[in-house]
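You will see two complexes here that share chain A, one where it goes with chain B and one where it goes with chain C.
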Partner chain A sequence: MKTFKLGGVHPPENKFSSGAAIEKLPLPKRAFIPVTQHLGAPAALVVNRGDEVKTGQLIAKSSGFISANIHSPVTGKVFKVDNVMDVSGYKRKALIIDVAEDDWEEGIDTSDDIVREITLTKEQIIERMAEMGIVGLGGATFPTHVKMMVPKGKTAEYLIINGVECEPYLTSDHRLMLEKGEEILIGATILMKALGVEKAMVGIENNKPDAIEHLSKLAKEFKGITVHALKVKYPQGGEKQLIKALTGREVPSGKLPIETGCVVDNVGTAYAVYEAVQKNKPLIERVVTVTGHAAKQPSNFLARVGTPIAQLIEHAGGMPEDLGKVIGGGPMMGKALMNTEVPVVKGTSGILLMQKEESKRVAVKNCIRCSRCVGVCPMGLEPFLLAQLVEHQLWERTENEKVMDCIECGSCQYTCPSGRPLLDYIRLGKFKVGQIIRSRGKK
Partner chain B sequence: MDKLLTISGSPHIHADESVKKIMYSVIYALIPAMLVSLYFFGLDALRVIAVSVIACVVVEYLIQKYLIKGDLTINDGSAIVTGVLLAFNVPSNLPTWIIIVGAVVAIGIAKMAFGGLGKNPFNPALVGRVFLLISFPVQMTSWPVPKPLFAKALTDAVTGPTPLGALKDELKKGDTVQQIMDHGIKFIENGKEVVYHIPSYMDSFFGDMGGSLGEMSAIALLIGAAYMLFKKVITWEIPTAYIGSVVIFTGILWLIDPSHYINPVYHLLFGGLILGAFFMATDMVSSPMTRMGMIVFGLGCGIITVVIRLWGGYPEGVSFAILIMNAFVPLINQSFKPVRFGKVEKKK
Partner chain C sequence: MNDVIIYAVVSLSAIGIAAAIILYFVAQKFKVVEDPRIDEVEDILPSANCGGCGYAGCRAFAENLVKQGTLEGFYCPVGGAEVMSEIADLLGLEVEVKEPQVAVIRCNGSRTNAPKKINYDGPATCAFAHNLYSGESGCPYGCLGLGDCVAACEFGAMYMDEKTGLPVVIEEKCVACGACVRACPRGIIELRNKGKKSRRIFVSCINEEKGGPAKKNCSVACIGCGKCEKVCEFDAITIKNNLAYIDYEKCKLCRKCVEVCPTNAIHEINFPPRKPRPAKVAEKPKEPVSTETKS
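Showing the complex of A and B:
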C-alpha cells in the first residue's frame, strides 16, 4: 500500500465521532465574523453598523492578490464592528451580527438536488471561486482561486484530492466523503476543468475503508478520477507528503507543489467548490468535528461561520466539568484556544476537548540524543539540532540546517522521550530566520 | 468565562514514551545475560552486579544532591543501566573496592562531570571499565573458570584464560591455529600443569568459557537484543555495521591464511563483540544521530576492534573501539546529514 517514505509517526487514532452523521447546527443568536479567515490580506468590509444583511450576502471584499471574499453566514442586523478574539488568540477585526430568521440571498440554490452538468468555462469557474470566497478547508485556508492560476512556464498534470485526514480524532472529512461523496467528485471535476488537467487522484488512509469503498464506487462514473488507499501514517495529509505518497514526486525544498505538476485540494474544499459553482452558494458553513476524551457526545456538525464554539460544545453533550484544553483543529497541529467564545471560521475543521490531566505537557528532561526526532521527521531534518541552534540563537546555522523546510507537523515533539518542546524552538527559529530572509530581500 | 484553559503550542499529545521507559527496557534486555552469569559464577556474579549497580546509583545521588544540588534523576534508570553494564565488563572475582572505583569513574567522571545523562560524550560504563583495565591490569585479567550451578568442577583450575587471550599468546609463539585447537594450551597454575582447550562453538554460544561477567553467552545477549529491537530502543544500523565489518574483515584474513587467523565465527562468539555491538555501541547518548552516521560509526567500531584484537597490545578491543569511535561522533554528526525531503541537487 502506498505511503510517503521519510519519517512519520502513528499516534492513537481515537476517531470517536466517525460514526456520527453530520448534524445541522441551529443558528447562533449572535454571529462573530472575523475579516481574516484566510491566508493573505484581510478582507475589506462593505457593510456598516446597522446594515441589514441576508444570508450569503457579500460583507467583506477580497483586498489583494492573495485574499478572499467573506459572505454573511446569517440574516440579521450588523450590531457593530469590533475586535474579537479568533482562533489565533489575537483580537482581530470582526463583524458582529444579531441573527434574525434565516433569509438567503437570491440566486442561491439551497436544495439538496445534485447538479452534475458543469456549464461554466475554466475562467468562469475560477472567477466564481473567487466570488464565493472559497479557501482551502484543510487548515491552511489558502484562497483556492489563486491556487488554480498555474504560474507561467509550469503545467499542472494531476489534481490531488486530500481525503487523508491524518490528524487523530478529526472525522469531518470522513463524514463528508460518506455523505457528500458525489458532490465531492463533481467538485473535483470542476477543479480539474479549472486547472486543465485530465487526471485526479483521491488519497484516503485505509482507516476509513467505508469512505474508500464509497468513493471508489462513485468514481467509476467520473472520467479521470481514481481513488487510492494509503497506509495510515501521520502527517500524510501534508501536501508534500501526500504528493510523494501518490506520485512518488518530491516537492523541491523552498518550492511550491506545482513544481511536481500537482495541485492538492482538500475534500472539504472540493465540496465547497461544488456548492459555489453548481449551486451558487458562498462558503459560509462547514463541517466541524467536536470530539476528544472530554467530549460527552462526539459529533460532526454542519455549522455556520461565526457560530461561537461554546455553542458547538453545548450541542455535543455540554461543557465538560473536567475541561483542560480546547483545541481548534486536531491534536497534532491544532491551536489551543483562549476561550470558547471564539467563532467558527472557514478553517475550523474540529474542536478537540481535552481533559485536565491530558492537557499537561510532560516534564522536560535532558536530550538523550536518541535520534528519534530525526527518524520521524518527514522532511529529513534534525529537530534536536534545530532546537539547540535556536536555543543558542545561531540563526545562520539554523537557516543552513533547513529550518524553513519544517512543516510544523509536530512528529518530533510528539515522539521525544525527554518531552522536549522541539517544535516551540523550531517555530521560533522559523520566525527569526523568516525575518532575516525578508530583510535580506529588501536590501 | 469561568474556566481557565491551558494554552500551549502544538502538538497537544505525546507518545507514551519516556527516558525511564527506554532505560528499563534496556535493563529488562540485560536480564537473560544476567541469569547466565549467575548460573556460571553464582554468588560472585550477584556480588559484582549488586555492588556495581548500588555504587553507580549512590554516586549519582551524592553528586546530584551535594555537588550539583540539582534535580535528582536517579529514578530514570540510567545509572542502573551503567551499573549493570560495568558489572558485565569485569571478571566475576573482581574485589569489591575495585568495582566501586570503577563506578565512581563511570558515573562521576564519564557522566556527571559532563553534565549528566545526555551530555556525556563517552559511554560511562566503558570509561569505567577501561579505567580499571589500565589501573588494575592483574585483577582485571584474571578470569575465573565458569562453574555451572549444581555441576562438579571439571578442572582444578580456578582461573583460566579467555579464548581470545589464549589464542593471541599462542599464535605469537608461532603455533598455528590448527595446533592450538587440537592440543590445547598448557600453562602452569599453582605449580600444576593445566591444559586449556579452546571452547567449541556450542560452548561459546551458550557462554561456557572464560571472560567478563556478561559477555559470555551469545544466545542470552541476542535474546535481549531482539527485545530491544522489538521495543525500538535500538535500531539495526550500528549492530549490523559493527558485527558485519568484524565478520567480513576477519573472514578475509582467515581465507587468506587460516593457519594464523581464526575463523570469523570465533571472533563473533569470543570476547565482548555481541555485548558491545548491541548494548554499548548503541548507547543513544554517545552514538551518531543519523542512519548513515550510525553505519559509519559501526564500521569504525568493527575495524578498530579487529585491528586491536589481531595486532594490538590487548587481546580484546571492543571497549577501546567503541570509546575511540565515541570521540568521532560529533564529527560524524557534522558529516552525515539525513536525506532531506525535496533536496535540490546542486548544479555542477
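Showing the complex of A and C:
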C-alpha cells in the first residue's frame, strides 16, 4: 500500500465522530464574520452598518490577487462593523449581523438535487470560483481560483483530491465523502476541467474503508478519476507528502507543488466547488467536527460561517465539566482557543475538547540527542537543531537549515521523549526568518 | 658531538635571520595604515559592547565615528555626555548635549490590575507568546510577563517583580542602551529622558482599544478620554488611537494630568509625596502606582 517514505508518526486515531451523520446546525442569533478568512489580503467591505443583507449576498470583496470574496451566511441587519477577537485573542475587523431569518439570494439552488452536467467553460469556472469566494478547506484557506491559474511554463498533469484526513479525531472530510461522494467527484471533474488535466487521483487513508469503497464505486462513472487507499501515517494529508505518496514525486525545497505537475485540493474544497459552479452557491457553510475525550456527544455539524463556537459545543452535549483545553483544529496542528465566542470561519475544520489531565504539557527536560525528531520529520529537517538555533536567535543559520521548509505538522514535538517544545520554537523561527526574507525582498 | 650542536645552532640562526628579513619587507609592503585615533577613542569608550549606539560594538562605533569626522548621530548611551565630551576633546569636535535617558515600562497590567483569564503553558518567551495569542489577561497590548527584556539586559538593570508579574527597571543601573526596547515584541518599553531630579511623568499604557474593551481587561488602562490633554497647559499630551502620549521634551512636570486621570494610567515617578489637599484628592488613589522605579 502506498505512503510517503520520509518520517511520519502514527498517533492514536480517536475518530469518535466518524459514525455521526452530518447535522445541520440552527442559525446563530448573531453572526460574526471576520473579513480575513483566507490567506492573503483582507476582503474590503461592501455593506455598511444598518444594511439589510440576504443569505449568499456579497458582503466583502476580494482586495488583491491573493484574496477572496466573502458572502453573508445569514439574512438580517448589519448590527455593526467592529473589531472582534479571533482565535488568538487579537482583535480583527469583522462584520456583526443580527440574524432575522434565512432568505437566500435569488439564483442560488438550495435543493439537494445533483446537477451532473458541466456547462461552463474553463475560464467561466475559474471566474465562478473567485466570485463565490472558494478557498482551500483543508486548513490553509488559500484562494482556490488562484491555485487553478497554472503559472506560465508549467503544466499540470494530475489533480489530487485530498481525502486523507490524517489529523487524529477529525472526521468532517470522512463524513462528507460518505454523504456527498458524488458531489465531490463532480467537483473534482470541474476542477480537472479548470486545470485542463485528464487524470485525477483521490487519496484516502486506509482507516476509512467505507469511504474508499463508496468513492471507488462512484468513480467508475467518472472519466479519469481513480481512488487510492493509503497506509495510515501522519502527516499524509500534507500537500507534499500526499504528492509523494501518490506519484512518487518530490516537491523541491522552496517550490510549489505545481513543479511536480500536481495540484492538490481537499475533498471539502471539491464539494464547495461543486456547489459554487453547479448550484451558484457561495462558500458560507462548512462541515465542522466537534469531538475529543471530553466531548459529551462527538458530532459533525454543517455550520454557517459566523456561528460562535460555543453554539457548536452546546449542540454537541454542552460544555463538559472536566474541560482542560478547547482546540481549534486537530490535536497535532490545531491551536488552543482563548475564548469560545470566536466564530466558525472558512478554515475551521474541527473543535477538540480536551480533558484537564490530557491537556497538560509534560515537563521540559534536556535534549538527550536521541534523534527521534530527525527520524520522524517528513521534510527531512533537524528539529532539535532548529529549535536550538531559534533559542539562541541565530536567524541566518536557522534560514540556512531550511526552517521555511517546515510544514508545522508537529511530529517532532509529538515524538520528543524530553517533551521539548520543538515546534513552538520552529514556528517562532519561521516567523522571524520570514520577516527577514520579506525585508530583504523590499530592498 | 660538538659539531652537531654548532651546525644546528648556526643553521637555525641563519633560517631565523633570513625569515626576519623576509618578514620585515613583507610587513613594509602590506602595511595597514590605521588611524591611531580609533584606538584612542576605543580606549575612552566603556567597552560594554552592548550595541546601544546602533553599531556592532565599541570598536565599530569608534571606527565609524573617526571615519565620519563628526559627532552627529553618534551617541554612547552607556558613557553618556561625559564620555562623549571626552571624545569630542580628543578629536577637536563639538559635542551636542543630550539628556540622559532611562528605560520606562509603559504597562501596569499587574496581576491585580489585569487578572489572568487563561493559562498559558507554552515556551516562556515573550516573542513566542506574542505570535501565538494576546496574553493571559486578554489585553493584546499589555506586558506578557515572560521576561524577554530582562534576558536582553546586559547590565542587570531589570528584574521581574514576582508579585506584579511585570518587569522593573533599576534606574541607577540602566544605561538606556535600548536592548530591552528591541527585545519587547509589543513595544511597551520606551527610552525617555530621565528628567530633573529623575522625576518623570508618563502614560503607563499603550492600549489603543476604545475605553470599554480596554477597561474590560485592565483596570488601569488608558481609555483615551482626553481629560489629561485638556488640563495640560504645555501641549505636551496628544491623544491618538484612544491613547494618550506625553511628550517628555514638552512636559513641565506639573502633575495636573496625574490628578485628572480617571483610571490612574498616568504615573509620576520620584516626586515627593503630595501635600494633603482637602476633599478632592482623598478619593483618588485606588491602587499603589509605583511599578517602575527602584531608587
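Keep this in mind: the second predicted complex is superposed on the first by the 441 of 443 C-alpha atoms of A that agree within 3 Å, B and C clash if a C-alpha of one lies under 4 Å from a C-alpha of the other, contacts with A are read in each partner's own complex, and residues count from 1 in each chain.
As a working rule, contacts are C-beta pairs under 8 Å (C-beta built on N, C-alpha and C of every residue); 3 or more make two chains touch, one makes a residue touch a chain.
Remember, predicted model here, so these are calculated numbers, not experimental data.
Look at A:Ile33: by the touch rule set out above, it reaches neither chain B nor chain C. In the superposition on chain A, A:Phe431 makes contact with chain C only, while chain B stays out of contact range. In the superposition on chain A, no contact is made by A:Ile160 with either chain B or chain C.
Within the superposed three-chain model, A:Thr415 lies in touch with chain B and out of touch with chain C [touch as defined at top].
Legend: residue contacts after superposition of the two complexes on their common chain; A:Val53 is shown touching neither chain B nor chain C.
Of the two partners, chain B and chain C, it is B that touches more residues of chain A. In the overlay built on the shared chain, the residue A:Val287 is in contact with neither chain B nor chain C. When the two complexes are overlaid on their common chain A, residue A:Arg361 makes contact with chain B and with chain C alike. Residue contacts after overlaying the shared chain place A:Ser371 against chain B, while chain C stays out of touching range. Look at A:Ile70: by the touch rule set out above, it reaches neither chain B nor chain C. On chain A, the patch touched by chain B and the patch touched by chain C overlap at residues 89, 335, 338, 360-361, 421, 424, 427. Put simply, chain A touches chain C in their complex at residues 83, 85, 88-91, 335, 338, 360-361, 421, 424-425, 427-428, 431-432.
On chain B, the positions that touch chain A within their shared complex are 1, 3, 5-15, 17-19, 21-22, 73, 76, 115-119, 235, 284-291, 337-344.
Contact residues on chain C toward chain A in their complex (touch as defined above): 117-118, 121-123, 125, 127-128, 131-135, 138, 140, 209, 213. Every residue of chain A that touches chain B in the complex is listed here, in rising order: 6, 9, 11-12, 89, 168, 240, 244, 250-255, 319, 323-327, 329, 331-341, 352, 354, 356, 358-362, 365-372, 374-375, 377-382, 384-385, 402, 405, 408, 410-411, 413-419, 421, 423-424, 427.
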